[in-house]
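Below are two complexes that have chain A in common, paired first with chain B and then with chain C.
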Partner chain A sequence: MKVDTRLLDRVSSGPEFDAKLCLNCGTCTALCPLGLEILPRKIFHHVLLGDKERLLAEENAIFSCLLCRMCEVNCPGGVHIAENVRALRVYLNEEIHGLAEV
Partner chain B sequence: MTEPEQAPKVPRRIGVVVCQCGGNISDYVDTEKVRAEIAKDPDVVSSRVEMFACSDAAQQASVQEIREKKLDGLVVCSCSPKLHLATFRAMSARAGLNPYEYTQVNIREQCSWAHTHDREGATGKALRLVRAGVAHTEGTEPLQRIRVETIPQVLVIGAGVAGLRLALALSDMGLSVHLVEKSDHAGGNVARWGTLFPSDRSGEEVTGQLIEEVRGRQNIQLYLRSELVEKSGRVGAFSVRIRTGTGDTIPLTVGAIVVATGFEPYQPAQGEFGYGLEGVVTLPELKEMLAKEPRSLTYHGKEVRTIVYVYCVGSRLPEGEGVQRTYCSRYCCSATSHVSTTLNSVHPELHQFHLFRDIRTYGRYESLYEGARRAGSVFLRYGEEDPPEVSRDDQGLLVRLKDRLMAGEPVEIRPDLVVLVTGMAPRPNEELNRVLKLPIGTDGFYREIHVKLRPVETVVDGVFIVGTAQGPKNVAESVASSLAAGSKTGALLLRGHVELDPQVARVDPTLCTWCGECQAACPYGAIDRVLYGDKEVAQVSPVLCKGEGGCVSACPKQAVSVLGYTHSQITAMIDALAREEA
Partner chain C sequence: MPVPIASTLGILSDNLRKRRSALPLSRRARTGWARGLALPHGGETVIYTGQMWQMVPSINAMAHQLGKYENSSSGSLFRFARSMNKLVNLTPFLARVSAKDRAFYDERLRNIARLLQNAGVPFGYLYEDDLYTGALAYDEGLDPAFVRHAQYVYSVLKARGVRRLITVDPHTTNMLRTVYPKVVKGFDLEVRSYLEVLDARHPKAQKKLDVQATYHDSCLYARAEGVVEPPRRLLAGAGLRMVEPELSGKLTFCCGGPLETLFPGKSADIARQRIEQLRSVDHRVITACPLCFANLSRAAPKDTEIRDISDYLSEAYAATPA
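Coming up: the complex of A and B.
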């Protein structure tokens, strides 16, 4: 996997994307009521390294997230997980599916 | 067995206390039997068993007994002398008994704890040891601690942040300081480093302020381009010689010596994580680059957009040949977090990847780690067995690592700059080590007496170690240790005198025929050749002698003995140990 910082720059252009604070502890994975194992730490990791292919492969998980924030309120790194998922949805909609901002 | 020849015995009045150590001893040694047996010795005039001989009540009883029975010797059979020799010597002194007429017999570590399976054997061994202790005490003589004057001047070697701060602390106490620095400027490593964590003040500013203050003090003399080349004497009055840059040597007399020689940054070998390739630098090199050019981030004229840091270079290595680099250098995780945060604050578009093994931003430096992540650094973990590889091809630098979070999946990064986060290495200090002969650990740093309780003292009385000469430390820790040495030095020198252990070697001039063997065996230069009547004999300087006894075994005439461990005492102890019951 080759690190490509362009994806990171694009997704994290807004102040709301703060996945770099992630400590990779796994609390989010353990607490997810949907059992979305891939969310959020691994997906964030793909974004941080600019792995677009992996990000696209996990699109279902990104859109399945309930944004319940169970993970977020328990995150020891203080990551705004739900906001980050939203940022990824915006990216996928705009960049991949060509949906313009309404 | 034949009885050895002995000097006519002078009757003694010895007391014996057998300690149970609350069961630690009495569970495996029949303490009452030991007491009853030793009480049969004609020199033993009192004997007791105590639950805890070191307790206040038992000590009070011992003091009373020493006074009432007019004891001239005391034996306590308890734990290791390392634990309570000082306790019972002080107790003897309180009772008016010379503390060197006290003998400690260790029946805990050597009997009860070692022979838990064999009560009878442990008891028998304890009895032999007690008999030897009594035999030793029969030969004791009262000794007085040797009181010597101290010189209120201190030699501090190394004018880095630790040495500078120490010089000021000593100066504040009214002690004169000779601050000797090998290089041509004071300030050490710290002065070159630009901003420091966590205060953001520059190293030059911090050390510059100290240097200015040092230069303003009447009682601090700073010698640049100078080295210590000779040391003799003893605690409180060392004679030293300083060789200056002009080649002159300056003789000084100082009461104490403090070694603040610092560290040198670990220098990677050519090819170690790509070191030597264009664009691969160490953390101190990056710090110097940024100190010179704080606003722009270019390397060889090219703008730097992506940086990869490789942590633990030269630290936490597996055990190997020679100097061991198994230690963590402590400062590097915090320093790297700090430098990357600082960089991101000036260059928000900069990408920084930290390839780490474990992050050790301990204590309040945890916020530096969080700050670095918040500012935009990405942290990737690598395993000790899979270190990252740094190479260069036609597209530029290439860093390959196996990302632990992705189950070891290979990740490739193309940075413009690779920073090897190098730790601290000991300075070789060959000349200084020849002069001072301080103990050095397997890691190459100077070794303290006790890592927790005597952290700045060495086995050489009056010689202290501070700062990173002793092992990796950050600036705050270095300064803390230099102030600790300051207070130890003050405590030593401000009283005006020190008391030395009187258990030193003594030469019997009637037996000595001067062959020089003892002088050759003495590592402290404590033995001189003097005239005794019309013959030459050896004489021991009690203030230089450490009582280590090398001379005793070297002497072919048995003319030297260490007070408290004389030939007749040792012989009597061996006889007592070997004596079979009738």
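Coming up: the complex of A and C.
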């Protein structure tokens, strides 16, 4: 795996990204209407590890999230999951969708 | 395969920058609902639609079109659409709205305005300056375009001397009350949903409705804005016997609406699941969001009756005009 040492910084430069508060309990995935493995075993983990390739491969999952916050209101770690998902969207929009310009 | 994400979001971002809306609508489509209601132009307190109710007939028509592409490889078509849309507003072509659909959604806004009038709430309307808040662009992470748009919307509200906003849907409420203060410096407007405004006045029903129904909480009202009790108190006051689904209030289950643009198939799956949960307690379902209403209605079997909360409330609380 190629490590992108700037990945976490890039993702954190937009909306709040506090995935490091995650306790790895799996409540979010269990409650998600889509069963998204948003946290922690997959997508957010890729960011914390600097695994850009795996992160980009999750584009569909990242844009599938309803931002419904069923996970968030039940998260024992107090992770702002919906904002984290938005942070990833902002990053992907800049990085691969060519939608960065202001 | 979903619809092409980059091109679809590109269209959204371009529309917001160039036309200040996700789905740019004609003046008549935006403000026609207020005809004949004699709403004053502007003022310190205004009803703020954020064009959400007005947009739903176009979203319905568009969803129908996009649904055809969800499982095809139509990337080049979408890329072409995006470049065309930079030059001409494609919305009226992509989304042919029937007059009946438009009139139906307009009527919900008229319900809400009449309820406020009947409750003696003084308010005006900004007509041309009642702008879309940029909710969808925010959700999709189009932050550069969204932030600039939000600042513009706020500058218009300040220039019009507005101090209090009465919102009519959860998305606009959440944007203005929770998101704008984070991205617009000095934001100082008071924002309340019409359900909160009405509830605070403890209105007396003019007519009691003898009906049993279940209420679908919108995710944003329930989890982000704490609007859980006002709709229930108003419905109970109107005489309705409310039965709760297993997942309600803060633990409500999404209607699937947010996925409609990019993943219409998944969106419909979620809606069907939610409808089943609601129908297991009652076939009469009440919504309080135009997007929940539209998405659940599409998924519901014929014997399910879905109505907006403003229908019941106006029958009970605005039975006779103010």
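Here, the second predicted complex is superposed on the first by the 91 of 102 C-alpha atoms of A that agree within 3 Å, B and C clash if a C-alpha of one lies under 4 Å from a C-alpha of the other, contacts with A are read in each partner's own complex, and residues count from 1 in each chain.
Quick note on the criterion: a contact is a pair of C-beta atoms (placed from the backbone, for glycine too) under 8 Å apart; a residue touches a chain by one contact, two chains touch by 3 or more.
Source: prediction; values computed, not measured.
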item: Partners on chain A (chain B, chain C) - clash or fit; value: fit
item: Which partner, chain B or chain C, touches more chain A residues; value: C
item: Touched partner set for A:His45, first chain B, second chain C, both or neither; value: first
item: Which of chain B and chain C A:Thr5 touches, first, second, both or neither; value: first
item: Touching partner for A:Asn93 - first (chain B), second (chain C), both, neither; value: second
item: Vertex chain A angle, Cα centres of chain C and chain B, expressed to the nearest 10 degrees; value: 130
item: Which of chain B and chain C A:Leu67 touches, first, second, both or neither; value: second
item: Partner chain in contact with A:Gly35 - chain B first, chain C second, else both or neither; value: neither
item: Which of chain B and chain C A:Asn24 touches, first, second, both or neither; value: first
item: Smallest separation in angstrom, by C-alpha atoms, between chain B and chain C in the superposition; value: 20
item: Residue ranges of chain B touching chain A (in the complex, touch as defined); value: 306, 349, 351, 353, 370, 373-374, 376-378, 380-381, 403, 405-406, 409-414
item: Chain B contact footprint on chain A (complex, rising order); value: 1-3, 5, 8-9, 18, 20-22, 24, 41-42, 45, 48-49, 77
item: Footprint of chain C on chain A - complex, ascending; value: 14-15, 33-34, 59-60, 63-64, 66-70, 72-73, 86-93, 96-102
item: Chain A contact footprint on chain C (complex, rising order); value: 2, 5-6, 9-10, 13, 138-145, 148, 219, 223-224, 250-251, 253-254, 256, 258-259, 262-263, 266, 270, 273
